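Structures are listed in the sections that come next.
What follows is a pair of complexes built around subunit A, which joins subunit B in one and subunit C in the other.
The block that comes next holds the complex of A and B.
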């Protein structure tokens, strides 16, 4: 574990940037059609419960990383295997996000540049950041948080002023009842992006004020959920459900609609700016968790030494996980949620929590007579 | 071989012998001084004879040019010669105490213990008094000589505020700050750094406002320095900074006493170096380099406007050529159609890609700027004419660059001149080339990645332990009042939290906001009742 501390506000900023991350790109919860915003908000409430789980685990072991306390909960051997699996999970997710952004770049601006090259440069920046440690990442987050919100607010104002948002596209609400919305919420938007915040189990021990962890986590998840819901509502309002269903990157299409005062047009570039910054934070956080966890697991004193080798693994992994963009998205929508997100985000933490609960109750029971 | 070394050793210690103690014979002492200074003609020895029975010889030794001749004449030579019973008094062993207390009428006189001390005070402009037959010496402070008078600073200009800048003399410089902060808590510590140059270095801080830990760290870092020479404060800066692998300055160089005073009151520490008008201020934060003293002297709304303007200047001087390259090479679609047609028509005859075009112009401009600094003043204007013609017209007419590129380079150049701190401006100039390369290889994506890397780098820097990007990151809302915006003075309740001492953060009382008088009667008493819109 690195010798560092981050403040409550910094954690808040990191969670928001992380959550908005790649979820802003894709048509999130679009299978719920015009009720996507509702599905996102429902997914967010589900995300709260996932957050509660690892927050409780964090309260049992506030001073050590999950890779360490897993060994305390289920024993050294099994714990190490589980911790290692988690590291691979984080690294895989980092590679997935990296691939997402590589594909976006290829579609919107660089159709000819080899995707490996685009990935390599982003990975270099990520490695540079992770070598500097979590404190630097958190401080960088504070600065870019302001930038992202400035971009988002100005984009929103431009859309409002140009009169593109047609709220009639959101009607009728709950056309087919509540059940499809709930289904989408708890099979998709719960895992992505809200469940992915499980990576913050690796960051929570750095918080300088453990009491604030809960309120910060919940408010950050809440803010990002609301922001995502707004963004999806605006997308549907501008483009209409059928077009959002057909497009790969609805927010990009929305921003391309802006045409104002004869020169505020073709603002894709600002979308690209936001996308790269957000993607950078999401990849960096996953990658940081993988690096710091691996260092903790194998007792490597300087985690920054691992950044380069694991960074190369990340780069190659991002290329080989899928042979093309359709395969990549299909895996992300159908395979990853069931076989990876469900166990790693919900089942395993829940089991760990139950075991930890009984272990710690026993301890407390033993402790009681002496007091 | 061993015998060779053995023979050498005792000889070496006899060489060192003079530094231990003085001889009682005056001629022997003077010989040693002559030998040590290599018979330099500017080391002047003046021998006086006092008393009649016994006749005692007194020698004054000083270095010509760095002493004040007038005070040697008035307060040393005359004082000694006029004291007629001196001869009888000086036979006693406490001769130097008698000299110091009763004869020499100069402000600061102190006994010298050994040769090292003698030479260091001799070389810094003091006069050494030696007496025949007595084993010891006395040094009198007669520092003086030619100095530059106080003039306007050459690098940190301002419209408002005091116009005096520092000079090369450390004594004058510390005095200028003392004249602003009239408080016994303004503490100065001096030391000599540089084994050969023996440069005077002083650290100055306001006791109680500056953070003790940072002062201690500063002392530690200065004491660590083991080098032969310190010729300018830039030497010190490079030897005490936190991180060396950066182009950004992590200490602030000030040439004006009001800047130093203002920073001392925020809890910073100043390092004065003899021989240079540039004073180092630490810890420095990024945002500080974009603030000017004028900001604090004008009203807050104007100051805020100027600071926002400087933020824009920063963005232009970093990104303007890079954005032009990216837009014309990769993202033509982001340029509005009309403008795109104009630029494309201009670029049609240009034989180079935009990157090469930009590089040619930027490098030409850097050469012109460097030449402008080095050239004698009389030739300087010629360079600017040639530069204007080369950059402006000829290059465009020859079809080497496009007019749009000229505009971009000109805007960038003007923007980089407008950065208030020179050291920051030059660092931005350097990084700009990195951004241009990134833009040429990856377009906008490259610029954004470079920007992220730059921000990460800036966030990783520290100056004496204080995060470089504070109070923006880590965000300290109480100190945001003096960053890219400046609140009115009555709102500055606190000193910077990470820099000043924790116990003394509050800098002004409550209710400092001015308001019109509640009684309207005081405005103009001669008007009739009802004229003043009273309720």
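The block that comes next holds the complex of A and C.
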């Protein structure tokens, strides 16, 4: 664990950028059709409970990284194996986001450039940032948070002014009843993006004011959930459900619809800026967690030394995880949530929490008479 | 030292790679396609017509000098069994790479739209990241897309712009045609509760003359493009046309009327008053009673008196109420005719099915498969129109009233 502290506001900014991250680009929860926004908000509520879980674990061990406290909870041997699995999980997710990002660029802007090269340039920036530590990443976040919101608000105003949003597209509400919405919420949007906040278990110990962790986490999840729901509502309002279902990147199509006053058009750059900035933060946070955790696990004094080697693993992993974009998205929607997100985001932390609860109760029970 | 060298090397490499020479496209190597036309020939191949901007001759103006010597666009043809093949084959006789990001117009030949339909040709345009789905779609009435794209135009040098602006302003000021974007057409093609309508463009005059630059030197061009009618597309195929007032009635229902003129009679005099619509709002809603759907349309129009050709006392409120009534009847007549006409065509271009879908999704599930053929033609449509006269221009009573008094 590096010697660094981040403020409550910085943590808030990081969580929001991270959660909006790649979820903004893809047709999130579109299986719920015009009720996607509802599925996102439901997923967010579920996300609150998941975050409570990570937060309780953090309260038991406020000064050390999860890689250390799992060893305290379930013993050295098992704890190390579990911690190692988590590092692989984070690295895999970093690679997935990197691939998302690379595919977006390949489809929209660089059809001929090898995707490896797109990835390599971003990975270089990510490695550089992670070498500098969490404080630098957090400060960068503060800077870009403003930019992202400026983009989002101006884009939203342009869409409103050009009268593209047709709320009739959101009707009829709950066409197939509530069950498909709940199904989508708790098989997809709960895990992606809200459950991915598990990575902040690795960041929470850096918070300079531990009391604020809960309120910051919940408000950041809430803000990002509402933003994502608004974004999907706008997408569906502008494009209609059928078109959102067909597109890989609905937000881009939405932005392309803006044609105002004969010159405010072709604002694809809004989307590209958002993709690159948000992608950068999401990859950096996953990657940072993987690096710092590995360093902690293997007692490497300077985590920054690991940034380059793991960075290259990240780069190659991002290329080999899927052979084409369809495979990549299919894995992301169908396989990863069930086989990776469910155990790593919910089941394992829950087990850890239960064990930690009993252990700490015993400890406290023993501690009491002596004081 | 070696670290510095490495840094220097790194910066130089970055400068080369990051400045984007990969897949670079120089302006001088691009053929900017302003409009794309699609037809079908006897062999069953697609014929693509590409209207390519001739950059040197567009800028013209007073200083340019070059304008006027050569046509502002070049039109090229190419054939293929699908759109991609056709588009790529064009490169055998084009010295530049086609660039579709500025293609704002797609013209579809009437024969192609009638016989094969438009379903198969739109996928590539929807999929391609360069082509914009905000491009407008028109159908070449009584002719091929090639005819439409070949014709040169006065005032606006690039013919594609001429078509687009004509369509835009006629929608805005007259309301018999509407500017429909490609993505709207695709959305309507998919939806079981709404069929697309596409504006038709007709070529009038001498075809031979149209592509000659000299024709533009006359004050009255011998050949001209003209927006005419709305094409009804059913199951992807063109099945009929709406013209004149029936087209306008359809535009009313679609809530696309911006400004238009409603002409009403006064006493014995025909076309005595012109009512100029300034703004309007049309609401369509569906009701289901006894397991049968019905539609109610509510139109609320506001406008001014634009012209009177009979002595009408516009200062009298009772007169204004009467005028409003007449305007309401006229709008109602137009819309009624249009709906009846379209019901005979059995193609729900108004989106009544969508309205039913919104108000009763469960019932819609049973009806949607036979909506166009069974339910839509029999649909009961109730309509209320509220028209309001707000102002009457710079004058109140017309001078005609005084002329009348003097006699």
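Of note:
Convention: the second predicted complex is superposed on the first by the 371 of 371 C-alpha atoms of A that agree within 3 Å, B and C clash if a C-alpha of one lies under 4 Å from a C-alpha of the other, contacts with A are read in each partner's own complex, and residues count from 1 in each chain.
What we mean here is this: contacts are C-beta pairs under 8 Å (C-beta built on N, C-alpha and C of every residue); 3 or more make two chains touch, one makes a residue touch a chain.
The shown structure was predicted, so the numbers you read here are calculated from the model rather than taken from an experiment.
The partner that reaches more residues of subunit A, of the two candidates subunit B and subunit C, is B.
Contacts of A:276 after superposition: subunit B is touched, whereas subunit C is not reached.
Using the contact criterion defined above for the overlaid structures, shared-chain residue A:121 touches subunit B and also reaches subunit C. By the touch criterion defined above, A:110 lies against subunit B and subunit C together after alignment on the C-alpha atoms of chain A.
Applying the stated contact rule after C-alpha superposition, one finds that A:171 touches subunit C and leaves subunit B untouched. On subunit A, the surface patch touched by subunit B in one complex and by subunit C in the other comprises residues 110, 113, 121, 265-266. Looking at the complex, you find that subunit A touches subunit B at residues 7, 9-10, 105, 109-110, 113, 118, 121-122, 125, 128-129, 132, 136-144, 262-263, 265-269, 272-273, 276-277, 280.
Interface residues of subunit B, counted against subunit A in their complex, comprise 330-331, 333-334, 336, 442-446, 448-449, 452-453, 455-456, 459-460, 467, 469, 472-475. The residues of subunit A lying in touch with subunit C in their complex are 107-108, 110-113, 117, 121, 168, 171-172, 175, 239-240, 242-243, 246, 253, 256-257, 259, 265-266. Subunit C meets subunit A in the complex at residues 17-18, 22-23, 101, 126, 129, 132-134, 183, 186-187, 190-191, 354, 357-361.
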